[in-house]
Structures are given as structure tokens and as C-alpha cells.
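Below are structures written as C-alpha cells.
Across the two complexes that follow, chain A remains constant while its partner is chain B and subsequently chain C.
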Partner chain A sequence: MREFITLLGYELKETFDSVPWTVYFWFFFGFQYFVYGQLVSRLVVNLSDYYVYYGTGLLIIMTFNVASWSGRRFVEGAHEGRLRYILSLPIRRGELFLEQLLLGLIANIVRIGPPLIIVLWLNGMPPIVLLTSLMVLLSMSVGVMGIMISLSFIAFKSFDIYSAIVATTSAILLRFSTILYPLSFMPNAYSSVARFNPLTYGADLLRNVMSIDVNQLLNPGSSAFIVAAVGVSMLTLGMAIVPRTLEGVKSS
Partner chain B sequence: MLQITRVDLSYFFRTKWLVGTLLGLNITDMLVVGIVYKGMMPTEIEGFLNYFQFYAPGVIITGLFFASFDVGRRVHLGLTEGVSQYYLTLPVSLNEVAWAHLLSAGLGGVIYAGLLTMMAAVLVPQLVSLSTVALIPLMFVLSMGLAGIAAVLNLFSRTGDRYFVFADGIQTVMVSPSTVAYPISVIRSYFPPTLVTVIQLNPLSQGAEALRAVINGGPSSPVFNLPSLVLASLALLVIGAVSYRHVFTKLREVGKI
Partner chain C sequence: MDSAVETMGLTKSYGPLKALDSLSIKVRRGEILVLLGPNGSGKTTLLHLLSTVLKPTAGTAIVMGYDIVKQSLQVREKIGISFQEARGFWRHKPYHILAFHAAVYGLKGKERSDIVDQTLRDFELWPSRNKKFMELSGGQAKRLEVAKLFVHRPEVAVFDEPTAMVDLDGKRMIWDRIRGLREQGSTVVVATNEVREAEYLADRISIMKGGKDVVTEGLRTLKDSITGGDVVEVGVSPAITSGALKAISDVPGTVRVTQVTEDTLNAFVNRSEDWLPLMMASVQSLDVKITSIRVSEPSLDDVFLHYTGKEVANARA
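Showing the complex of A and B:
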């Protein structure tokens, strides 16, 4: 346990040494929410109060970005040989995986927390919603981190190709989902794809817990089930793939 | 100088993750976000049949900006990995090294925007016209000018991640307050007049409006101002050339930035 805490403390310090990135995430939120969101919502005439809808979508985008950043950072560390050092420390593989997960969640809370509070406060939502929203966002970030880490086997063949695949997948996942628009406004071909996208269920679940009244939100029960299932399965997959892959890691 | 330009340009198109990111972002922005928003917005936006027609030029100009701005990343890596030091040992002057990078940025932006224009032309056939071809030199100057902003960043961000944070920040600051995604009438309803003027002068606004003028069949845009676009691009280009000259001079004299 002592090794676990020491390693977590060390990695947290390293993560938050990069102050400009954390500030950038907040800066990005500010511009997107108070400039892009405000202006686009004035153009949207077929959905009432699109600004609130957009605000929740932006929180999901930020959660996705922060979680994929955490996942990619882990894979990058492995690729560059940093993880070989950590593997040589007297810490069990399971604990190491848990430590990485906790690190990602803390990074998420710090970066997503202030924007979430701003969105809830500006929309006059009760404090209890903060807890439920945070739970949804963290569950989603576990799934996203799991996806990024599970794809790590590609990185050990070519980090360039891994980055290209992750970037393209991210763009597709974010656009083909209900993050920016409800299913009812998508052409059939797009909405069929969006129904297979876990981010669609995460976004609709977040809107459900925030009691945002949008027609045709997906059922909260099935959304919660899918978000949890993706989180658990990606975690399990990551736990299965990572130790096997890491033991044979070659640094660049 | 042209050899350095060629190497730098080919490095941009050979960076798979970068091209993957840019294409993924721009194509999905155009073909997914643009098409879905079309159904959520008014049927006519400032003389355009629908939002997609209005938005496609904005995405093309954003792509041009991101592609030309990438020269800053290449120079940053070149400075940290010793490639720039190697260039300085070649029989070329400092000015030539600086202009080689700006030239490759200009070409990269225009080629990439050309690819996006061809894709957009499938759904917006008005883009297939001689006016679009006539715009190429203007887009080239704009692309080189936008690279000048990256050069200024190279001048001020010396170590580690800082360049990438500043670059992402600048991209956000340039794209959101522009007419890339929304018409000037909407911007006027939210920002005070002084800021509206700044947004109108934003080179990305001017570039997007130039392409919109092609779709509309004439310079009917209330924002487009050719002298403003050319002067702003040239001013940024000069600033970029001076910045890169300073960067490479310092690198030659001190050995680092």
C-alpha cells in the first residue's frame, strides 16, 4: 500500500507540474461555452434552449479529451520506456493498474470540476446534481481511458499509427453521438451509427441526471447500464491486455 | 531553400497522426456537424440555401489554418531535435531558412485546403468554378500569413510542452471569434461593436467570406474586404519572417533559443 501511495503521489506531482495544460482545459471551456456555444445556440431555432444542451455536450467533450489524454499519456510512457522503470518497482501489476486509473480520475476531477460547477450554477441546478453528474462523467472517463489503453498494443508496433487511429476514432466518436445534437435531428444513417456509440448513452444519461427536458433522450436505465458496462469491460480488457503487452515492451 | 521547403512540406504530409487528426476533424465537421446542424437551423442564412453551404467554407479555412500553423510544431521539434541546427550548417542564408519554412507552411495550407474544397464541392457544386481557382494565390498569402503567428509562438515558447499549449490556445482564440461557423449578424447580437470589428478583421473571417463570395457568385458578403485580407496576411507574414530570422540567428549565435 505504501508503494501504491508513493507512486500515486509521484505521478500526481508530475501530472500537475504541467500547469499550462490544466489552465488550457479551462480556457478551452471558457471560449467554447461563452463564445461558440452562445453564438451557435442563437442560430439553432428547432430545439428550445440549445445553450443548455450544448453546455452538457461540452462537458462530455472535455471529459473525453481529458480521459483520452490520460490514457494516451500512459501508453506514451510505456512506449518511451518510462513504464519499464515503473515495472521494476516493487509494486503488483494490479496495484499499478489501479494507481493509473486513480491518477486518471483525479486528473479528470481537477480539470472537469470547475467547468461542471459553472454549468450547474449558471443553469440554477441543485448541488446534489453535482454528485450525480460527476459520477456519470467519471464512469465515462473510465471507459474512455480503457479504450485508449486497450488500443496500446498498436502503439508498441507504431506510436504514429496509434496516434492516427486514436485521433480519427475520437473525431468519429464525438461527431456520431448525441453530444452536440439529439438523435431526432440526425439523418437515419447517422443515428444508426450513433446508437452503437457509448458516448451517446453517456451524454443522454448526463442530461437525464440534470433533468434537461429534451424530447427523445434515451432511456436512463439502459443508458446507465451501457455506460457502466463499457467502463467495466474496458477496464477488464485493459487489465488483461496491458500486463501481457507491457512485459514485452520495447522502448523507442 | 527550395530543398528545405520540400523536406519540410513532405514531413507535414508524412506525419500520419497529424494528417489523420486533421482529416478526421475537418471531414466530420463538414459532413456530420454541418449536415445535422442544417436541420436545426433556419433554412436560409445570409443568402445561403442552408447552414451546410454557409459552414463548408468555414471548415475549409479552418483546415487551411491548422495545416499552415503546423509549421510551428515542425520548427519547435526541429529546434529541440537538432534538425534546425543542421539546416544552419547548409550553404543557405538565415533569411532563406526562415522563408523556406513560411513557404512550406503556405503550400501545406493551400494543398490541404484544396483537398477539403474538392470534398466540399461534391455537395456544394458552386465551388467548382474559375473564381475558386482565382482565389488560390490569395489563399496562399493567407496561409503564409497565418504561419507567421506560429513563428511568433516559436519565438516565445522555448521549452517542452509550452509551445503546444500556446498553439492550441491561439487556435481556439482565432477560430471561435470569427465568422467561420456563424454569420456576422449573430456575432453583432452578442458582442460589442469594437469586438465585432476585430472579429471582422480576423483573417479566418476574411478567408471564409472570400470562399462564400465564390458560392454566392459575387462579393455580396458584408464582411469580405479584399485589401483587409491581403494587408493583414502580408503584415503577419512579415512578422513571421522577422520572428524566424530572430529564432535562427539566436540559434546560430547561442546554440539554443
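Showing the complex of A and C:
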């Protein structure tokens, strides 16, 4: 446990040592929410309050980005030799995986927490929603981190291919989902694809706990189940794949 | 338990390539074993397997009584590795890097800060202690990589090319520190392709080639093992005669004799210290006088060439 806490503290220090990176996330949110969000909301007339809808979508995009960053950081660590050093320390492999997960979650809370508070406050939502919303976002980020880390076996062969696959996967997952537009507005071809996308369920679940456009959302029970199932299965997959692939890693 | 480390049929494959091929060697407690071999001979793979960074494809190894496959956590508590390439947490400073390393191994408070300060001074990193890792020179980063093992002094310390990128003064300093580590009770394994490093550090040398251990012996034994490895240049007066040539050729331990000039010959012999008195006795009755004797023993390069068919310098290319 001592090693686990020491490593987590050390990695947190490095993660947040780069203040501009964290500030950039908040700036990105501010610009998207207060400038782009305001403007695009005027164009959307079919939804009663698209600005609120857009705000929650933006939070999910940011959660996705931070979680992707966590997975990518893990892969980069392997290539840079940092992970190899950590593997040589007296820390259990399972603890290391959990430490990486916790690091990602803390990074998520720090970077997404303030924007989430702003969205909730501006929309007059009660404090309890902060807790439930955060739980949904963190559950989603566990799934995304699991996907990104599980894909790391590709990166250990070729980082370029990994980057291309992650970029393509991210683009598809974000566009074919209800992050920016409800399922009911999508043409059938789009909506049938979006129903296979876990982000659709995450986005709808978040809007459910925030009580936004409830009539247009998927069932919260099944959404919660799918978000949890994706998180657990991706974590399990990552724990199964990563220790096997790590031994073949050669730092560049 | 005589051995600090014992490998048993240790094998690591990457697809069809066998980086380590059924290796079985022992490292005695408290010795410095140097692994000498060209790039691709399996030295680094062996160190990574011993420190459990990699898992073997077949076979296993015991480190201080623990199995690297079944008891990897306990192994990591006993062993410390200094990697070939100094890579790390780019934004951290040398002080924090060493303090973290010490904390993972249970050092706390003043004891930790004292040992970190001392190690920074010992490795001439004190003036750079507040620079970020990414701002260090190659030599400084390498010294920091080596210094990690001196904050917790593991029972088994393994170094992968510990003086690569380090200047001459720095090399000598690191070698002396590694010997000091051994004197304080650690068992040390050093992988290198630098002959001078091997000669300076080794209690025993393991010559590796193609993932296998070709030979493991002390330096003296390795040099003595080369047939005709000692070259004795003998000067005679007034000139070499056929009788003198025959007498010297017949001395036990002579492998061959070549005439260099009319009054000088080279004798290729085993163990010149045993051969010389016998040679002196055998030429006493002849009508020539010995005017000069010069002995040169085989270098470690010669030993390496003898066992691997490659010169170390060429092997490195």
C-alpha cells in the first residue's frame, strides 16, 4: 500500500505540474460553452433549450478527452521507458493498474469538476446532482480509459497505427452518439448505429440525472446498466491484456 | 545458499528470435559478475528478466531465494536495476526522482533526505538537483539513472551499461561507487560491451553470444585459457641459430615460435610465468646469450575474439 500511495502521489505531481494543460481544459470548456455553445444554440430551434443539451454534451466530450489522455499517457509511458522503470519497482501489477485508473479518475475530477459545477450552477440544479453527474461521468471515463489502455497492445507494435486507430475510434464514437443531438432527431441509419454506441447511453444517463429533455432520452435503468457493464468489461479486458503485452514493450 | 542469482534454462523469445537461449548461470553472493558481449547477445534481456520487467518464455531464475516467475514481487524487493537508457519522469527534478525511489523502498523523513542529498553529491549531481530531468545532459541523466540504486542499496544490483554517455572522470567515479556497493554487501551484475569496464570491475566475466553464455570465469583464468596466448619476445646474441630455435620450440608450454629478425624471436606460450624458467634453463648450454625478454599477455579483446570469433570493437558496430 505504501508503494501504491507513493507512486500515485508522484504521478499526480507530474500530471498537475503542467498547469497550462489543466488551464487549457478549462479555457476549452469556457470558449466552447460560452461562445460556440451560445451561437450554435440560436440555430437549433427544434429543441426547446439546446444550450443546456449542448452543455452536457460538452462535459461528455471533455470527459472522453481526459480519459483518452489517461490511456494515451499509459502508452507513452511504455514507449518512453517510464513504465518499464515502474515495473521494476516492488509494486504489484494489479496495484499498478488500479493506480493508473485512480490517477485518471483524479485527473478527470480536477479537469471536469469546475466546468460541471458551472453548468449545474448556471442551470439552477441542486448540489445532489453534482454527485450523481460526477458518478456518471467517472463511470464513463473508466470505460473510455479501459478501451484506450486495451488498445495499447497495438501501440506496442506501432505508435502511429495506435494514434490513427484512437483518432478514428474517437471520431466515430463522438459523432455516432447522442452527445450533440438526440436519438429522435437522427435519421434511422444514424440512430441504429448510435444505439450500439456506449457513449449514447452515457450521454442520455447524464441528462437523465440532470432532468434534461427526459422524454427524448433512453431508459435510465438500461443506460446505467450499459455504462457500468462497459466500464467493468473494459477494465477486465485491460487487466487481462496489459500485463501480457507489457513484456514485449521496447522503449523507443 | 551460495548463489545470489541462479538461472535455469532461462529463455526469452520474440517470435522466432531467441533473445536468450536456455541460459544457465550462477552469480555468487557478494561478487561482481560482468556480462560482456556484443549488442544483441542477450545481456539486457537477461537483466530485464532478473528484475521481472520481462517474463521468460521458458525456464526461470532464482534471485536471493525467490523465483522470478512465481514470486516476482519478492524478487523486486531484493533487486534493483539501472537501465541502459536513462528515461523517466521528464518534469521531475533529480532530487524528487531519487526521493521517490527511496520512498518506494521505505525510506522516510530525515534518513531519506540525508541519503538523497549524499547520493546527489556522490554522483556530482548536486548543482543540477533543481533542473528538470528533460534539461539534464545525457551524462547527467545517466549518472542519475545509476544513482537510483545507491539510495536503497539492493541486495542484488544490476547495471546495464552504467557508463554509456559518461565522460572519462565520470566513468572512473561510477566504477569506484559500484565496487563500493559490492564491498557493502551487494551482489552486482553489470552488462557492458566495454572491455576496460569489464577489466576494472569484474570478479568474474561471462562472455555472451547469441543469447548463450559462452564462458564464465575470472579474468586471469580467461586469459590463461587461451592456448599460446602469452607472447614472449626473446632477443639473443649474436644471432638465432637453428639449435636455439629448436631448444625454445621444445620447451613445455610452447605453442609456436616465429623468428622476427636475425636476433629476435616471438614465442607463443601458455602461462609465460611457468614457461620462462624452463626456457632459460634449456638455452643455458647453447652458444647464444639471451639479451632481452619482453612478455605480453592476451588482452580481454583477445579473449573475447578467442571465444566468440569477433572482436569487441567490431561486435559493437
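Operating definition for what follows: the second predicted complex is superposed on the first by the 251 of 252 C-alpha atoms of A that agree within 3 Å, B and C clash if a C-alpha of one lies under 4 Å from a C-alpha of the other, contacts with A are read in each partner's own complex, and residues count from 1 in each chain.
What we mean here is this: contacts are C-beta pairs under 8 Å (C-beta built on N, C-alpha and C of every residue); 3 or more make two chains touch, one makes a residue touch a chain.
Remember, it's a predicted structure, so these values are computed and weren't measured experimentally.
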Superposition on chain A - do chain B and chain C clash or fit: fit
Partner chain(s) touched by A:V35 [first = chain B, second = chain C, both, neither]: first
Which superposed partner A:P20 touches (first chain B, second chain C, both, neither): first
Which of chain B and chain C A:P127 touches, first, second, both or neither: neither
After the two structures are overlaid on chain A, angle v-u-w for chain B, chain A, chain C in degrees (C-alpha centres, nearest 10): 90
Comparison of chain B and chain C by chain A residues contacted: B
Which of chain B and chain C A:R92 touches, first, second, both or neither: second
Lowest inter-chain C-alpha distance for chain C and chain B in the superposed arrangement, angstrom: 9
Doubly contacted residues of chain A, that is, touched by chain B and again by chain C: 18
Chain A-facing residues of chain C, complex: 14, 48, 51-55, 73, 76-77, 80-81, 83, 85, 87-92, 96, 100, 103-106
Contacting residues of chain A [partner chain B, same complex]: 18, 20-21, 23-24, 27-28, 31-32, 35-36, 38-40, 42-47, 50, 160-168, 170-172, 174-176, 180-181, 185-187, 190
Partner chain A, residues of chain B touching it in the complex: 15-17, 19-21, 23-25, 28-29, 32-33, 35-37, 39-42, 45, 51, 161-162, 165-166, 168-169, 172-173, 176-177, 181-183, 186-187, 189-190
In the complex, chain A residues that touch chain C: 2-3, 6-7, 10, 13-14, 17-18, 80-82, 84-85, 87-92, 247-248, 251
